[in-house]
Amino acid sequence: MYTFILRRLLSTIPVLLVVAVLVFLMLRLTPGDPAAILAGDAASTEQIAQIRSSLGLNRSIPVQFGIWAGNLLQGEFGRSYFYKMEVTQLIAQRIEPTLALATLTIVIAVLVSVPLGVLAAWRFGGWFDRALMGFSVLGFSVPVFVLAYLLIWIMSLKLGWFPVQGYKRLADGFWPFLHHLILPAITLSVIYIALIARVTRASVLEALGEDYIRTARAKGLPEARVLMRHALANAAVPIATVIGIGIALLIGGVVVTESVYAIPGLGRLTVDAVLARDFPTVQAVILLFSFAYVVINLLVDMSYVVFDPRIRY
Amino acid sequence: MNRKIAAAVLLAAVAGGTAVHASAQEKVLRVVPHSNLSILDPIWTTQFMARNHGYMIYDTLFGTDEKNRVQPQMVDKWTVSPDNRLWTFTLRPGLEFHDGKPVTGEDVVASIARWGKRDAMGQKLMTFVERMDAPAPNTFRIFLREACGIMLEALGKPSSNVPFIMPKRVADTPADKQIEEYIGSGPYIFKRDEFKPGDKAVYVKNPKYEPRKEAPSGTAGGKFVYVDRVEWNLALRDAQAQVNALAKGEVDVLERPAFESYEQLKKADGVVLVNKDPLGFQYMARFNHLHPPFNNPKVRQAALAAMQQEPFLRAQVGIKEYYKACPSMFTCGTPYGSAKGSDIQSKSNMKKAQELLKASGYDGTPVVILKPTDLAAIQKLPDVAAQLLRQAGFKVDLQAMDWNTVVSRRAKKEPPAQGGWNIFLTAWLAPDVWNPLTNAAIGADGEKSWFGWPKDEAIEKLRDQFARETDEAKKKALAEAIQVRAFEIGTHAPLGEYVNPLAARKNITGWVIGSGDIYWNVKKN
Amino acid sequence: MDTQALSVESANIARRESAWQRLQQHWSVRIGGAVLILLVLAALCAPWLGTVDPTLFDAASRDLRPGQSGEITTLDGELIKHQFLMGSDSFGRDIYSRVVYGTRVSLLVGIATAVLALAFGIVFGLSSGYLRWLDGPLMRVMDGLMAIPAILLAITLVAMWRASLVTVVVAIAITEVPRVTRLVRSLVLSIREEPYVEAAVSLGTSTLRIMFGHILPNCIAPLIVQGTYICASAILVEAILSFLGVGLPPDIPTWGNIMSEGRVQFMAYPHNLFFPGVFLAVTVLAVNILGDGLRDTLDPKMARRL
């Protein structure tokens, strides 16, 4: 088991290296000059050139990469071109909202979708099943921001239940924190409810077709026990997989949600940094996201051991 | 080192710790500025956000009141020698930086020097200056090589770059590097520990600030502070969300609402629109004089004839009370805002433009117009320009990109096909364009001038004379002559003026009339 | 319950399942296909469906409600009367025309992205599955690409380059290639071991012929299904890119664009978001339903997975 984890962790290194190189090249090989933006409106060509060399952008790309990678290994992610602070500090400021939003979204999504999927599989072919399948396709066909505006209009402006925008730090009180986060989390969770419900339904359906279910029913076990203990547990592997994929996809959805609800998180930070050509920040955030993705995949794979004793690493 | 610790202690004491919970008594003004605050050095960049930040925490030697007269602010009195070559200024008593140190003449001299390296008008002023010194702590002197008529106008200019006064150690930062310390002597103190880029910027009242006795007017007069905290909400950038937030009372002020928002704002409960800046802004279209087709003055004239101001204003602003056409390159209603020479644009029509274009020998080179996709205030202008130029017979290549890319591209002197440009459009605050020296588009010194790089010796000579001239009537005549010449050679196309009233909750009062975004004197009832 | 009843019961379930599945197949493919055909027709016949040039605007016709009439200035300078079926935006452009022409772009983005991603994915997947020495490094690169959040990758590519149709298609396609590569690779790995492939190898058939003649035909079904999902995803991603301000330039009307420009005054003039939003949702829905139907018909094995 432990060698498995170790091997997996080691194999993340080449992946992260690939990510680092890809992102680095992407930023530097495309037009877009941070020096010109930094220099301001009335700058001369000499001033821009000066800034370029002070940022180290006038050196060859391999050299620049070497310097950046070297710093990275020492734990230094560099300094933002614009904000006069360490990138790590910038990220630390913005990570809480994104983490909070993502966590609440996953919690809502799993709590809602798994029971729905189980129910649909149990009542296979019935009206509930068909309704769920219909709504789930709708769920991942509507773009997040359209859903966001709709929900804001109904729940915030018309009904007045939630604030229109904004984020309150956990340190300022649990209820305001939650209150501001509910609407964005609901908005974002719809697509994941759709996805996870579908997979739950399909795998529970498959599990329900197996012999051991017939045996369990023949033993006279209550239906609920059959569903939860036997069907769901055996269906857990694909469900865990799709939850893992969902968490990884979440990062993309977070960007739009943060934009509409004015949540100062990592998603917005990245978009702003890309538009401002703030290379160090973009590089650091994308590396961070990629690392999170890899770790989540590892955790999901490890969870298989819990769900399926047949799987041994 | 001790001073820094003292400053930190002072700031901490004033702030009362990092746990941010406004007490019931504390008045917090929640502002949504028009853009994100990324650069905190108002001398380094001309960005309006940096300037607004500067007005919060710094003070200026002179200010410009709502009648566009220069008034003393930090300066108490000043004398000029009979030959106009020695200016001696005395500072008001009791001026102190946020770290407790008094403001001295040395700080002033260093600040002016740094500003004079970056600002266009400041650079012009510095060409006259022989040296500056501070003979006594509360005095400073400027020695001129020859008389110049722009001393007070320059030192009191309301908009970018504003000669804010910083401590000497900060002002000594080389002009091509950004400052790293944000200590000023202004009415608010910057809470650096609470600054979260892209999220919020926080300013607290400076209890030790002593405002002048006069009523506030423009950037002059007494800077009284009636709130305890000002929070700039940098995260709320979606225009509809801004309107919703103001309507629900989640924020207090929208600094510059999008024009499409006004309809909803007018209907919102508890919201008022305040036109505190009647002089407003000016739109302009800038030609690239280095490359075809606009390296041919006749083609520029044809373009000027085609680009009537009405269509631009109607499309972009839309609300009749908020815009007006102004046939002057300088702000209408200010001393130099005359209409002389502007007939080529103001008295033209599309037929004339088409004729001029045919006569100019235009060969069909496509005109590359840079269109920013993320600046609501000027987003529609390039489309109007494209439509009008096409109607006149031009071939147009409208290229869309985000504003930062526009900023990088307009600095490029390469031909349009290799990453350059032919036209870009932008907006200025009235004080940025109201005289021939601050107006960056009028400068015609070839590659040393503002993006577009026109070259014309006649204009440069007239501008020089303008700088030296002390008689107001003569200055007006010179400005007229400059404008006539500028329209003749087609430096750029002024596209009319507009106001952008702010939207605030009913209980916010005390707005100061004048240019720029000013948050002193504001009351939250 | 006795075993006989149980077995009858399960047989019934199986039969119900296959009957219902067949119903669903037909239903999905038919409905999804029909909607898409309608949209393609609308896109092709755009100029004849009562539309005007979608870039024309007139400040006098700003913000008209759906159904109102107004005027438009053509490029020659003449003023024409026009009824704005879906209202006008804040420029004064006809939303109906923009939505119909936007069908072209959205469908083009969807299909082009799918084709591009499939093409590259097939090449990479085949090479990776068949040529062992290439497998390791190529899959590492693909893993790396997959690790970068797709939206951020797309935003970076489009923002850094120029906002154009090609850039957007390439940017979105790049994010989809790794998944296709993995799919093809896993198919290749399983098909390689089949007897007829071994026979072909022993007969001396060239690698290329084996790849394209034997292995590829067996991948077609799952690839088509994957292609439809990529198409749906691409259309959505383009809308999101436009919404964030890094999509196609606004003078090329796309549904994402129209919504992005209309979001400023969503509350006052919801038609800016409503009409393109409905078209977007319906299109993506149709593609997804079509994909589901195709999957159920062509590749029941995959149905288990999703």
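Letters A, B and C mark the chains in the order given here, with residues in each chain numbered from 1 onward.
Everything below uses one rule, namely that a residue touches a chain if its C-beta (ideal position, glycine included) is under 8 Å from a C-beta of that chain, and two chains touch if they have at least 3 such contacts.
Since this is a predicted model, take the numbers as computed values, not measurements.
Q: Please list the single chain whose C-alpha centre lies closest to the global protein C-alpha centre.
A: That would be A.
Q: Given the two chain pairs A-C and B-C, which is bridged by the higher number of C-beta pairs in contact?
A: Of A-C and B-C, more C-beta pairs in contact link A-C.
Q: Using CA atom averages as chain centres, what separation in Å is found between chain A and chain B?
A: Centres of chain A and chain B (C-alpha means) sit 41 Å apart.
Q: When the C-alpha atoms of chain A and chain C are each averaged to a single point, how far apart are the two points in Å?
A: 22
Q: Mind checking the centre-to-centre distance between chain B and chain C? Centres are C-alpha means, answer in whole Å.
A: The separation of the two C-alpha centroids amounts to 46 Å.
Q: If I count partner chains per residue in chain A, which residues reach a count of at least 2?
A: 31-32, 149, 157, 259, 275
Q: Give me the residues of chain B that touch two or more other chains.
A: Within chain B, the residues that touch at least two other chains are 238, 240, 244, 374, 402, 405.
Q: Mind pulling the chain C residues that touch 2 or more other chains?
A: In chain C, the residues touching two or more other chains are 159, 162, 245-246, 263, 266-267.
Q: Using the touch rule from the top, collect the residues of chain A that touch chain B in their complex.
A: So the residues of chain A in touch with chain B come to 31-33, 36-45, 47-48, 50-51, 54, 80, 82-85, 90, 93-94, 149, 152, 156-157, 163-167, 171-172, 259-264, 268-269, 272, 275-277.
Q: How about chain C: which of its residues touch chain A in the complex?
A: 1, 3, 6, 10, 13, 16-17, 20, 140-141, 143-153, 155-157, 159-162, 232, 236, 239-240, 243-246, 256, 259, 263, 266-267, 273, 277, 280-281, 284-285, 288-289, 292, 303-306
Q: Which residues of chain B touch chain A in their complex?
A: Residue positions touching the partner: 19-21, 36, 38-40, 44-47, 118-120, 160, 176-178, 180, 196-200, 233-238, 240-241, 244-245, 248, 250, 374, 402, 404-405, 407-408, 411, 413, 419, 440, 448, 450.
Q: Once bound in the complex, which stretches of chain C touch chain B?
A: Touching chain B: residues 55, 57, 59-60, 62-63, 75-77, 90-92, 159, 162-163, 245-246, 249-251, 263-268 of chain C.
Q: Which part of chain B faces chain C closely enough to touch in the complex?
A: 238-240, 243-244, 258, 260-261, 263-264, 311, 314-315, 318, 350, 371, 373-374, 376, 380, 383, 387, 390-391, 398-402, 405
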